[in-house]
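Presented below is the structure to which this report refers.
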Amino acid sequence: MINKFLGFKPDEKLLPSQTVTTDTVIDLSSHKYQKIWLGPNHPGVTGNMSVELTVQGNTIMKAKTHVGYLHRGFEKLIERRLFVQGFPTSIRMCVAEPDTNEYLIARSTEELSGYADAVPEYANWLRMLSLEMARLQGLLRGVPGQGGTFALGIGVQWGVYLRDLILDRFEELTGARVYHMYIIPGGVRGNLPEGFKKRMEENLVEIDEFIIRIKKLMFHNSVFKTRAVGLGIITPDMVDKYGIVGTNARACGVKRDVRKDNPYLYYDKLDFDPPTATEGDVYARTWVRWQELIQTVDLIRQIMDKMPETGDIRAKMPNVLNWKIAKGETYVRLESGRGEYGMYYVTDGSDKPRRINLRGPSYNHAIALFEDMLVGADVADVHAIMVSVQSCPPEIER
Amino acid sequence: MNIYVKLAYTFLGLMIVLNWGMLMGATMRKIGARVAGRHGIPFKQPWIDLFKNIGVRTTITHGIMYYIGPVFRLTGGVGLFLFMPAVFSGSPYGIWTNFSFEGDLILILYFQVFGMLGMALGAGEGGHPYAAMGIARGLAQHAAVELPLTLAFLSIAIQYDTFSVYKIVEAQQGGFQNWVLFTNPFAAAAVILAMLGALGHSPFNLVKAPNEILIGPATEYEGSYLGFMQSAGAIIHVMEAMLFMNLVFGGATNWFELILKTFLIYFWSVFVGIVFPRFKIEQSVTWFFKVPLLLGVLAILMYSF
Amino acid sequence: MKTIIEKLNSKYNLQEIVYQRDNLVFAAINKENAIDAVTYLRDYEGFSHFVLMSCVDWIEDGKFQLLYLLNNPTLKSDLGLKVYIDRNNPEMVSAHHLWKQIWTYQRELKEAFGINFPGSPRVDENFVVEGWTDIPHMRRDFDTHEYAQKTYFPRGDRKTNDPAEYMRKKLYPNQPITAKQRKDDK
Amino acid sequence: MSELDLNDKVSEMLAKSEANVIKSEKTFIHPEDEVREVVAPDGSIIKINPIYDYFSGERPQEEKPRGGIVEKFLNWARSESIWVLGFGTGCGSIEIPPLVTPRFDMFRFGIQMRPTPRQSNAFIISGYLSVKTLKRVIRTYEQMPAPKYVIALGSCTINGGMYYDSYSTINRLDKYIPVDVYIAGCMPRPEALIAGFVKLKELIKEGKAEKANEYARNFDEYKANQKKIIKDWSMPDYNW
């Protein structure tokens, strides 16, 4: 800017190349580059993963994501557990929104054993309620969390407090704070407690206030805008190339939402339209998530209005201790807070699953996409980009 | 006055400043916690942390400069205190004017950078890449902050035709209408904006940002070195606030006034810091080169002709 | 969806076509044609979203089953192409040029099942486990329980019960085991 | 202390560290850690062995508490100022944000988060530990200055919990690093964590939390256990 003002034009040939691409050849022995590690012991890294950066000054020339710090081998463990035993194990695959795993496992086993239509209507509504509450608690952490990457810690503090309130409602509904084990094959585990809807509504009113406050705090904040606008851009043609789903795809104008495309449960009975943006940068992604926060609150209200007053919560299922499912395979998906979340489930006629493969959105976002997005970025922006693509290590490595 | 008595008083003043700095740090963190809806740390926490850090048993070494870094930083803080009048008492040889002398403003400008340079040497010796990055960013930002700040100081010096902080304070006595804040508004505005960078709170704290680069220069420091640096940091925070108080806000005529004014000056940077995220280094440099620099130049122009 | 499958069948000769749901079809395809078919589906039939690449170890048949699961965003349908490869000589043509994320899957499968994908970038780097010396950990013949017992320090006082046996003792302590239950247990 | 004294001290320490270097057989070394020759800017050739040149190979020493009223006072200070390392090793770290936010605010108890191991004295092992993380945990633990405390969170650190038969996660944490306080549950609630901290405070005040010395005392045993499962060692035996 100053150069333009003074009319000074530097010789382009003498300056170091400013455009860095993934094809840039890096010769470490030239002493021009430095290798630094971000994580796993680093407060700025989501969960427990690490990024190996090759930097030149402040610019990242090459990035490599290293995962596996949270590898527990779920897919192997489940092969030696009964269907019902595998259930509490497998829901721990993703800690940020564990309910999505519950639904996938329950739905896959129901579909393969021919009980897909046996689940009572009321139970399906309760499942939806639980899934939307999980999305809400994820967003309450995630939306201000994006501000937190730029050191706007106040929003995080407020958000996590409200998330605690939602976890309280979860505790009422399911008896547990984080790992609920609520959605089981054939229905759900418990009914709504007395006065649940009233207390939920009180919390939602509080969250409504928070949504307005966070808008003023983050989206009307000049420094936040300075940092987030134009950072980490995803273009629409990258969506199919990298398998981008969820809010990351919606923020660049590609409207993909499993709830609309392949409606599951009773999402076709609800009135909603997934929010989109066109810019595809960090700001747009946060903005889309913020709008989704409003929408999720609205969806929970709709679900609580539209669901029947009472009903069966569980279908009659075979004895779980010797429950055998015939040979078959299926793929079930749902829309989690991070995007399409699916499970490939194979049975072989025995009482244990043959193979489970979880398709987490972070698997693509945090490795292939993230590594390419970092090239040419600033070291100070790594954390922001990492959070904005919603990388969640436990679902990458399982 | 006997030089030993003077030394004793200066030492006493330093102790007051150290403890006030720690208390002020705790208060500011408590204010931040209240905005979040928390109780926050107890007021006594900084002292406990200091004792605990002294009690750490393991010591690691990275070489001589690693030890000297915190010493430099403390020297920067103490140096600022030694050559700046703390409390104005009507006489240049008053008990709390310390060792202030004609032309101490120049020395003070030097001491402001001194601590940072010491940290740069120590952290560089530590060898952690994040420390080196933090230092590079810190020095770049410091240069950007110094420019409007120095211009504003020079403007004040031209205004009162002196480089003595004592005389500048003296000239501002007799009511708030005599403060530089009102007599030289451009310089005051430049100082108030550049102050945010000098005090090192958000949005200008990328130097020690935990999200981006751990905590920058102090990454490798532990135990008593860290305690040393914490006490140096507490002194420096009060000293920076005291410098701005002396130059822009009319100085202090008693300790109570000093405490109140430094508190308010420091509170200004916390007030901004709580609701603003942090800038990247090139963004913060650009920011200082825009409005604050312009104000500084205007302040100089106002009194040059 | 039906027409696409028929077209694909006439072109590449599919086997075991299963309509799992209206919008989810699984079909097996020859190893030689697999990448061709995936490319064809991506470029001409609109299956532009790559969902998942997975592997199932059918140890009793001596085969690995690779799965390429593709999604068509306009038809909102999925097609899973299964490829059987020899378990003793696990090797498959790499598809990393089709989608950017595929090399990650191939790197994972290389580590977890030992399937080789020649030419795939970074395929030999370790993915989730570090310094692994045993047989690939997702193969059926790798016993994770035995490995854990041998390697780590299990607490001796930890009890493991057979759930069926335990529940029967707990709920019906005096009832004799019926023939049906005995059959079920087997 | 004058510069000369410091110089003496440093050279003394260096001499000691060279004498005490632990010789161990490496089976697997990263390409970056291999012994290699590097051309310096002035053209001379330098031979470097990254693992031993960049790190000190000295064994940890047992550092006896001073005893008496000084130690009591320091123990009180330590118990009131617990600096937790911000390293979420497992899924238990999802309960750390509630702890630093309005609902459970652990700052009230003098517990703060620190980003670097050099400045923290408590390490929360939040849940299961895969072998890959264990390597980083050991390295981080050894970098922390003594006295240091370990809080093990969740059933997974006690007996493997849900992952007792997993090939990737360890079963008992106390075989690899000494543990001061265990907090049972899956997942333990934030209240349980606070209770664990209060217990740790009691231990520190009574002077019972001297596990760092125990680690130094039984160093060989711990190292043998660690090396049994970490095949890809490729680091010095003790990371200062």
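Per-chain numbering from 1; labels A, B, C and D assigned in written order.
In this section, a residue touches a chain if its C-beta (ideal position, glycine included) is under 8 Å from a C-beta of that chain, and two chains touch if they have at least 3 such contacts.
On a predicted model such as this, the values are computed, not experimentally measured, just so you know.
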Interface with more contacting C-beta pairs, comparing A-C to A-B: A-C
Chain located farthest away, centre of subunit C as origin (C-alpha): B
CA centroid of subunit A to CA centroid of subunit C, Å: 23
Separation of mean Cα positions, subunit C and subunit B [Å, integer]: 62
Mean-CA-position distance for subunit B and subunit A (Å): 43
Distance from the mean Cα position of subunit D to that of subunit B, given in whole angstrom: 35
Interface hub residues of subunit C, defined as touching at least two other chains: 128-130, 137, 142, 144-145
Sites on subunit D at which at least two other chains make contact: 86, 101-102, 115, 132, 165-168
Set of subunit B residues in contact with two or more other chains: 36-38, 210, 214
Contact set on subunit D toward subunit C in their complex: 28, 131-132, 135, 158-160, 164-168, 170-172, 175, 225, 228-233
Interface residues, subunit B side, partner subunit A - complex: 35-38, 129-130, 133, 202-203, 205-206, 209-214, 274-281, 283, 286, 289
Subunit D - residues contacting subunit B, complex: 3, 6-7, 10, 13, 63, 73-74, 77-78, 80-81, 83, 86, 101-102, 105, 107-108, 110, 112, 115-116, 118-119, 121, 145-147, 240
Subunit D-facing residues of subunit B, complex: 33, 36-42, 45, 48-49, 51-52, 54-61, 63-64, 67, 210, 214-215, 218-223, 226
Subunit A contact footprint on subunit D (complex, rising order): 41, 85-91, 93-95, 97-98, 101-103, 113, 115, 117, 128, 130, 132-133, 136, 140, 162-163, 165-169, 186-187, 189
